[in-house]
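Shared between the two complexes below is chain A, which pairs with chain B and chain C, respectively.
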Partner chain A sequence: MAKKRQATKRSTSARRPKRSARSAMSVATNARKTVKERVAALAEVPVAVCERDENLQAVLKVLRDKDEPVNVRLAALKSLQTASFSVVAFESCRGDYIGTLREVAEDSDPEIRQRVLGILAREKDGYAQKKLLEGLQHPEKALVPAEKALQLLSYDVHADAYPIARSIVSKPPNAAARREALRLLAADASAAPVFEKLLRDKDELAEIRQISASALQALKPEKLRAHAREMLLDTSEYDDIQVTSLTALTQFGGEAVAKDEALMKRVDRLRGKASTKVKQSARRFLDKYGR
Partner chain B sequence: MNVELQINNSISPTARFVSWAPSPCRIRMTNPSGATSPSVNVRIAGSSAAAGGAVVFRRNTTGAFSNSLTVPVPITGTSVPFFVAGRFGRPSINNEDVRIEARAGTTLVGSVRVMVRIRKNANTLTAAERDRFVAAFAQLNNQGAGRFADFRDMHTQVSSPQAHGAAGFLPWHRAYILDLERELQAIDPSVSLPYWRFDQPAPNIFTREFLGVSDTIGTVQFSSNNPLQFWRTDGVQGINRQPFFSTGGAPPGLFTEAQTLALGNQYRAFRDMEFNPHGDAHTSFDGSISGIPTAAKDPLFFLLHCNVDRLWAKWQRQLGRFNPAQAASYDSSPGNPIGHNLPDTMWPWNGITGSPRPPTAPGGAMAASPCVSAPGPQPQVRDSLDYQGSVNSVSRLGFDYDDVRFA
Partner chain C sequence: MMQSVANMSGMSEPQFAALVDALAANPDQREQLTDLLRENQPLYDQRGAATIVRMRGWVLLALVRAGVADSALLFVLEELDTGVDPYLIAAAARALRSYPNPSPAFAPFVKRALTNIRYRDEPVSFENYGEYAVSSAGTSPVRELLATLTWLGPHAHGILHEIESLRGGISKKLLIDLDRAVEAIRSGEQVDAPGASGTCCTLPSGLSSTSSWGIGSRCGCEPIESTVFEDHDGAEITFDKFFKGHPSIVVFFYTRCDNPLKCSLTVTKLANIQKLLEARGLADQINTAAITYDPAFDLPERLRGYGQNRGVRLDARHRMLRTIDGLDRLRGHFNLGVNFIESLVNRHRIEAYVLDADGRIAACFERIHWDEQQVVNRAIEMLKEKSGETKSETSPEPADGGLAAECGECHHQPSRPTKS
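What follows is the complex of A and B.
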């Protein structure tokens, strides 16, 4: 028995090479310590958070406390996130965790708000989704920039987000918001015509046309195949779009592509006379179809 | 005169993949013409390019490996067993880049091409290895309509107690990534799951050609020739991942490999790695990968867990912790929840639904391998431990890591 205790003690000390959990908790929650010391201590406490409720409550308190330095609060948040991976141990305190995150979602610090809303959005938290949508509809209430709100709403897309996304596409506050609105709309089957138009618009940014190709592949794959074919046959098309077309047809093309002699001939020509990137993609395409 | 070489005791070309752990093989005479005695001495050896894979041989289940092996092969057609393994440090780069040749005297009487298929550091893959992996992964996902959707559905908040926070964390994830790897290999057999060694800089992973580059809000950008540009999960396009570190370096604060391996000599101490480095690697990012409900939406998740598994494999090799019957190899505490005890079957491969298991069991049985029989369609926790077949050769799971030896 004595031997067993000794073995356990040895492994416990080995797994915490720096200091004991108690000592780390003590530093993490001590406002007289430096920010650097507390951030380092908070990185060590996830096990302790899972082991004792009082430790969890102490770290939640640090996160909630607006008088604490932002970096210390962010370190507390990261520590809680790491602890939350240990589901069985963390489950009993999950309610307190989510409750605290909601409380902090409207914090005065933008980074804390954004990080917390991100966690809640990934949990498909209705409260966070409501706040994000409200911020898009009424920018004066926005807790995060429009592009971030759209990105976070895409973790659990609801139809009520589509109208505002469409309105942002037509009148975007910035390029990133337009892009994220398009990504969100890629889940909306009725948006296929929007993506067709953007895909074929040579004045659009390559990134927007790539997003449109991807959206169309999901919403109307036969449409993308047709457009990709046309864009490959179009000698005035940009390299990046030709490469995206080749990649789409290599990954998702089928029998019809394999039998398309005009297309094969064109890609064979691209393999010989094009930029390195196009040549490489043309080779992959022809390998796929046994040419 | 001709002989037939059976790799992994199979004549199928789909079984011609080996790792560091020895594969059982057979040789038999299929055409004895020209033979003048009841058996013919046949020399078996590997032939490969300088940068390709290399193999070694031995006659029995134990003993030293050598570069060649001479065996008497009866002209009756009776099979003679032998073993082949990858030579440690010489994994293949391409499929079939090693040829196993059988010669009677100087005459070539049979040959097969094989691959030494090994899980490698993702940061050091060749461009071709990287591209094959990315293409297979994109095809498995098929924009959210492919088989990958099951893997995404296996790792959610609802199912998380089956896989996290208790002793079965490491065995469950070993089975999970093995199942995924086998599905990737069904698409392209030359692919193995690479690992993200998160305690070292891995700039080659975070490129537009591989797992993408994050923009200022964490939307991941891909080059136009990367099929991951079509990535889609849960009906939503793209990947969200924002690193809190420079992707030219490693995330700060994570235990190094040496620190992780020093967590303790007992499994119950070692499994604290679920927090650091595992949990801390996840939370080195904002975005999908930073939380259980969404982590599996990001392909990087599987490279992260491949490294977690590699660390366990390395710890097992360092201390000889492969035998489920030895207490130090696992934490068999009486309070372990269901799915975390050695004899428990693992969800979802067992198909069991309803409390205390999750309400659904996506994906069906564990994918079979043409090379090995373990862990079977409904693996138990214990089946994950002896992955190299060190204790029992039939337990071999068919994968190995580039820096973890067989013995």
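What follows is the complex of A and C.
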């Protein structure tokens, strides 16, 4: 099977005529070529991008040029991003690359904006963080949706996003933004009480309660263990939350759990009489604690 | 007219920028400008890390206009030694050029900064406060560092080979700057630092990143004796129980530090210190501790993992610690070079301490990378002191009248620290 797949791959690549980097560059930057041809050519040029300054400038120009088709600009961005993975080879290109990304961070095309801000946010770029925070504080200036901005800001614990994330949790523009704000706050040591409250709130969505469980494990693991125990003993608790509680105690329970007879009895009962997913988790729990 | 430096904690960034400009313009207030580079300034409290970068960068750029005095030099060199932010490194490189005398001792710092930033070079703007460069026009940290090498000229002869080797990597646009730097370095006779060992990074004479206190001039640890710590295994211990009875070596760090040249390296160097102690059979006579700045997040499991991953020996005498309460008292006692936004560190310096057998601060190593052997030697002196082998010092004075580090503030009151 693997041989057959390899043979197919070989024959496909054999059908594609090999061309030089120079020729690929010439197609990639030629506005008279079709979008498909240019996108394919740009996929071939990452190595060539940093070999010659003219190549770099040409690809950056495509990315910057608002009159170019969006798909071609996105292909140029992808090509540059691929080239940037070779940190040493990219050394001579990085300054122009970062400068151009900042320049197009406010592009009229939403996908280009989002992709560019994503790259800059992963670099912990101060300019991108400033723009993302501005957009959350003043939605009329937002370059990306609130939930995306929060996700991108969460790449840097020092991005100063906790205050705005807290205000979004208390007054969310939409459910996705609230979810991402909570994810971001999972690294905020002072947010543990918020997560405890959400975890125990049966009116909350299962996803939010699970995010809260995960956050508590990071911030106050002993609190998660205590709540997980209580939620397991609560016969009116939802299946998803029972599974989350079982998983938490299986992974992080410790000796105290093994000695907890009331808990063992309850899990033993769940192993026999519960939904399939709860039964499975109960079995794993009892296996771990030797029952 | 102008707000005093001590009274600025609530000021806005534009107000801060205006204040810095005013201080830079007034030769009588240069020291206040330098004071703004201390991390524990109240005005840095509760500001984000990016804001701190903008503020410190603006102070460094003000030093370009005001001129870097001896008192500010350590801060400038610190940024070159341990900085990873392109804006701050570029600003520090530019600031160094306003120091009156180029010195061969600066060259290794510039080289180190080039090594640290060359793969993260990006455009920066110095035009207005808080401005980001939105194109590749203008300057960058590598460009500024090359300009500083040009300023150093023959004083940078010791690193000429490394500078020439940049030719294969840096941007074409920077080649002209590189050529200029190389030409300047070659333009005169090689100048070596007096007594330079060739190791990175020896400070110029008259400047120190180390302070020492004799027995009679050390502050007592009464204010923090009862401070409770939790260690990497979750065991609780008070300051006096762990730090009294044996000399100790203490470093500060936090696990979420994203500068590999600070906390990660500090804890790795603590592991080296432990190996040096073991090799001399002193691991059970001198305690070591790494105390986190971020006790709310750095729970025992995190402390343990962070230490183990960096080769730290962990047992009853060698612990990773977090305060359960009393971080503020600890900050005050050590005069820690750190500030926070909520419980998260927004900026800190490198700092390591040697405590005597009574838990009192006997030596402090700060800002510039310290040498493990030097720290161990100082701790061994404490052992001798404990056994009465050394004569008590009661009123030390700076060894050569140079500039001492600012750590251990309470020690400034009884007497001045001895510069090492």
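What we mean here is this: the second predicted complex is superposed on the first by the 271 of 291 C-alpha atoms of A that agree within 3 Å, B and C clash if a C-alpha of one lies under 4 Å from a C-alpha of the other, contacts with A are read in each partner's own complex, and residues count from 1 in each chain.
As a convention for this text, a contact is a pair of C-beta atoms (placed from the backbone, for glycine too) under 8 Å apart; a residue touches a chain by one contact, two chains touch by 3 or more.
Please read all numbers here as calculations on a predicted model, not as lab measurements.
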In the superposed arrangement, does A:154 touch chain B (first), chain C (second), both or neither? first
According to the stated criteria, A:119 is in contact with first (chain B), second (chain C), both, or neither; which is it? first
Taking the superposition as given, does A:47 touch the first partner, chain B, the second, chain C, both, or neither? first
Per the contact definition in the header, classify A:88: touching chain B only (first), chain C only (second), both, or neither. both
Quick check for you: in the superposed arrangement, does A:265 touch first (chain B), second (chain C), both or neither? neither
In the overlay, answer first, second, both or neither for which of chain B and chain C A:243 touches. first
With both structures placed on chain A, which of the two partners, chain B or chain C, ends up touching more residues of chain A? B
Taking the superposition as given, does A:129 touch the first partner, chain B, the second, chain C, both, or neither? second
Classify the contacts of A:190 with the two partner chains as first (chain B alone), second (chain C alone), both, or neither. second
For A:206, using the defined touch cut-off, is the partner it touches chain B, chain C, both, or neither? Pick first, second, both or neither. first
Residues on chain A touched by both chain B and chain C 87-88, 90-91, 124, 156-157, 187
Considering only the defined contacts, which chain B positions touch chain A in the complex? 131, 135, 138-139, 142-144, 157, 160-161, 164-166, 215-219, 221, 223-227, 229-232, 234-238, 240, 253, 259, 262-266, 268-270, 272, 274-276, 278-280, 282-283, 286-288, 290-294, 337
Considering the complex alone, what residue numbers of chain A touch chain C? 53, 87-88, 90-96, 98-100, 102-103, 124, 126-127, 129-130, 156-160, 162, 187-190, 219, 221
State the interface residues of chain A toward chain B in the complex, per the touch definition above. 7-8, 10-12, 14-15, 17, 40, 43-44, 46-47, 50, 78, 81-91, 114-115, 118-119, 122-124, 145, 147-148, 151, 154-157, 176, 179-180, 183-184, 186-187, 206-207, 210-211, 213-215, 217-218, 239-241, 243-244, 246-248, 250-252, 277, 280-281, 284
Which residues, counting only chain C, touch chain A once they are in their complex? 47-51, 53-54, 87, 118-123, 132-137, 140, 142, 169-173, 256, 258, 294, 296-297, 299, 301, 341-344, 346
